[in-house]
Amino acid sequence: MKKLINSPDTVITDALRGMSAAHPGLTVDVENRVISRAQRASDKVGLVSGGGSGHEPLHGGYVGHGMLDAAVPGEIYTSPVPDQIIAATKAANADRGVLHIVKNYTGDVLNFQMAAELAEDEGIDVVSVIMNDDVAVEDSTHTAGRRGTGATIVAEKVAGAAAEEGADLETVARIATEVNERSRSFGIALHAGTVPSAGRPGFELADDEVELGVGIHGEPGRERGTFGPARDLVSYALDAIHADLSISDEVLLILNGQGATPLIELYGAFAEASAWLGGHGAAMVRSLVGNYITSLDQAGFSITVTSLTDELRRLWDAPVSTPALRWGV
Amino acid sequence: MKKLINSPDTVITDALRGMSAAHPGLTVDVENRVISRAQRASDKVGLVSGGGSGHEPLHGGYVGHGMLDAAVPGEIYTSPVPDQIIAATKAANADRGVLHIVKNYTGDVLNFQMAAELAEDEGIDVVSVIMNDDVAVEDSTHTAGRRGTGATIVAEKVAGAAAEEGADLETVARIATEVNERSRSFGIALHAGTVPSAGRPGFELADDEVELGVGIHGEPGRERGTFGPARDLVSYALDAIHADLSISDEVLLILNGQGATPLIELYGAFAEASAWLGGHGAAMVRSLVGNYITSLDQAGFSITVTSLTDELRRLWDAPVSTPALRWGV
Amino acid sequence: MGCTCQYAGAAVGGLIVNLDATTARAWIVRVAELIHANEQRLTDLDATIGDGDHGANMQRGVAAAVASLEEQEPEDAGKVLNSTGRELISKTGGASGPLYGTGFRRAGKELGDEVDVQAVARALEAMLRSIEELGGATQEEKTIVDALAPAVAAFQETSGQGGDLHAAASAAAEAAERGAAATIPLQARKGRASYLGERSIGHEDPGAASTALIIRALADVTAP
Amino acid sequence: MGCTCQYAGAAVGGLIVNLDATTARAWIVRVAELIHANEQRLTDLDATIGDGDHGANMQRGVAAAVASLEEQEPEDAGKVLNSTGRELISKTGGASGPLYGTGFRRAGKELGDEVDVQAVARALEAMLRSIEELGGATQEEKTIVDALAPAVAAFQETSGQGGDLHAAASAAAEAAERGAAATIPLQARKGRASYLGERSIGHEDPGAASTALIIRALADVTAP
């Protein structure tokens, strides 16, 4: 394994030192692993998110005006611990309550739940919204439920904008919940990523295989499929999303890279996705193309579709200034 | 080879269709391969750049207010042809002259030169600035000269800002030249990228090898080196830059990914680069971390250092609104 | 009472009859040893049906728990378990951290400053109940519960029939190990492994395996 | 004159003595055939010391040149070469496009509506000079020039000694092929291959190889 790291043990710390050096707009507590705004916001609902590392720019790259107040990175692919989450919650707290945006993985859910209870004990109002947009996994009592993936970015952006406008905790939580309900995602991997401490790819795919419905930690999806042209892979993903979310009217499309897929390929896949949407009567009025929620150096892509309302669209357009998303300011 | 493409023949066209669909602020002539601003600028010097594809977001991602007026993508790793460049020059022309920002590769230089001559014949003033910031290659009569790499982004940004302010062609060209003189770059590859039509990696590196001084087309650099911690690789790159550019005072640092290196690793390398600069008495006052000039799915990084003047720093900070760089608007 | 209790577990003719602070500490230290020795195995099990971090998670958590015990020297077994739980929650991460952490905290709370085998039985039951409550898992869903539930039952049965701490713990450890092995044919319905659906069948659950180590550690440190 | 010239190259007893429009077109068509047949070889040569696109570049360029000739039917050889040059510039890309394109344009300009072997000698010399001027390369820098310069010299020498078009072209083709082979031991000092420094030694230059094909094509279509 050749990786641009000092050692598997220092990957997170080194990256946090880098974020600290690169972004004067952020305060990075390297030791306690909390990334927060250098300019603490006042008189607004605080937004906190976090999860395992390896998905950069998620979540630290989304801390800043119009989006998160603080983020907590866990170990690679491992949920953060309550101590971090409590510290972030305190950093985000401006006495209007704090929203936890949590991706639906047992570890994340439980650790955020512990932290929320402890924060409540300290007098901070906390509401949690659990994101579960990944249609690859059946949402049934037989599983831990659908996983949280790309819609998290949309929830962080849109709920962040609402908070910035002065909405109260209930409203901000309602909006994040609405994003979750109106969004679906699906990912396909071409090559597995390598967790530094493991030192080898998380799974093996033959030369003609892809993992259909892969999770953001390289978890298996629905099935191994046959590799094919971008057009077919994109259609497969959108069909899966469409089966669960009526796509019509105005949508936001995120064509996301998993980390090692070059932008030129993502644009090509985006062209197919946008054509698919056009063919299904949807108007793609907003979009992102690039690496927004990654899986280390995994090759592949994921698609997130959010069916917009006027309110969601307005909040998506609101100014945002973070390392990874910036417009209007 | 598994790539997220329809076929090796359609990679560029598909990506251009995607860019067109993703960015309403751009006009993309897919057939003639010219990316220009949807809102044509008036009464300013026009800026055109281009080169082989495979380096995305360079150059198409830098078209927009405050940066380029038009960009021309060639085939993968192959310079664009004069017809494209002339069309882009016309699209960029607002009767104040047009600057060509050209990376120093024989093919790019010659094709831009042909186009400039033909554009001049049609009454458009063209000045070309040749970027050659890559210290990996000796600048001697024994080679085609130093290659143009990461400093191109800085030149496009800074000269673009000057043009937006109303500077004349001579001034805009002078500023781009100054960026070139004050910038140096060096790249190190961990794994080669794969040109789709070739179907296999451009070169082979053993498990303990890196290519020191690799070019943006996977060209060999100074030597094969031994793989080591990020700290050592970053020092090697900065030492090479430092040997050719006195680094002191205020600098802009770009820690660039070659396409397949995850952001978490780039941040870790950034931490080392920023520490190195601090240790050499330089103040890193501006920076970028991420994929800005890539080599398809090559793993590795490059570092660009620009020694800033007050003017360059002011122009770097000026508003920019392009798919890949955006601030202040 | 505090004082007597604290040393009540000292070996009587080499026999440890109570879970005093010293024995509780020894238990946690032994857990750390067993986790350390089995870190790779837990990681491999998790790599097969999860995300391959269970060994590292547990190692991080128990190392922190031991370090904290060295600093604090809690005065009774309840406080030892409580401290351990807090550290596991703080440092483990993943699903297992809150589950085991909450389990140890609730066990510690239940135990308080009591030390006899009946109190330990109630403490282990509290551990089980809190983990079930927090994780929402029932038996046969291929989780920690599949090792812990039979362990608690065996402990209760043995102690109810007059078995001493070591006898009960040994029966519990064997039951936990059988329970962990019995997860192999199960399909996971909770945690990451559930994403695999039927592909989770045929592999031992890493959390059940670590539970077996935790209970085995109690049997080890109570051995005469 | 235009009319006589246009058909002056028609075979006299099977012999092609002049470079009329038909023969010039045949030349370019033959270049396209040879490039097509050698595309992989050119690509492989370029992959070894360049960026592996020379085959694709040339293929794209000459295909466009042939397509354009089919559409336009230029009336004399000069215009055929000029049109070819323009298409090569427009469509080839890379270093080779402007170099060959400019070379053919200047050759066409030099040729005008002349057709005899002396005029062709001057046209080939103009091609060489313009490529040298644009690329700034001299001989032994491992480029197109290393095949083209000896080819032009051989053509001039043979035609100066009274050789006809085919004899001169054949001598030129052999010289070009020798010149291309002679690039093997050279270190590149121009173009991408120069980045390799000493590592460029031991491999044939792709541009010199394609030059040899271009001149060989002329010999082929003038063969009796």
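Labels for the chains are A, B, C and D, by order of writing; each one numbers its residues from 1.
Assume a contact is a pair of C-beta atoms (placed from the backbone, for glycine too) under 8 Å apart; a residue touches a chain by one contact, two chains touch by 3 or more.
Each chain and its UniProt protein: A, B = Dihydroxyacetone kinase subunit DhaK.
Note that the coordinates shown come from a computational prediction; the quantities given were computed from them, not determined experimentally.
> Please tell me the distance, in whole Å, between the geometric centres of chain C and chain D computed from their C-alpha atoms.
Using C-alpha averages as centres, the distance is 81 Å.
> Where the CA atoms of chain B average out and where those of chain D average out, how many Å apart are those spots?
34
> Using mean CA coordinates as chain centres, what's the gap between chain A and chain D in Å?
The answer is 57 Å.
> With chain centres taken as the means of their Cα atoms, state the distance from chain A to chain B in Å.
29
> Listing for chain B: what residues touch at least two other chains?
None at all.
> Looking at which chains touch which, would you call it a line, ring, star, complete or other?
Shape of the chain contacts: a line, open at both ends.
> Using the touch rule from the top of the page, what pairs of chains touch, sorted by label?
A-B, A-C, B-D
> If we count contacts the way the header does, which residues on chain C are in touch with chain A in the complex?
For this pair, the touching residues of chain C are 47, 51-53, 56-57, 60, 89-99, 101-102, 134-135, 187, 189-192, 194-197, 199.
> Residue numbers of chain B touching chain A in their complex, please.
2-7, 10-12, 14-22, 53-54, 56-57, 61, 190-191, 193, 205, 207, 210, 227, 229-231, 233, 255, 259-272, 274-275, 284, 287, 289, 291, 294, 296-297, 299-301, 326-329
> Mind pulling up the chain B residues that touch chain D in the complex?
Listed in rising order, the residues are 74-83, 105-107, 110-111, 113-114, 137-138, 141-144, 147, 195, 197-198, 202, 215, 217-221.
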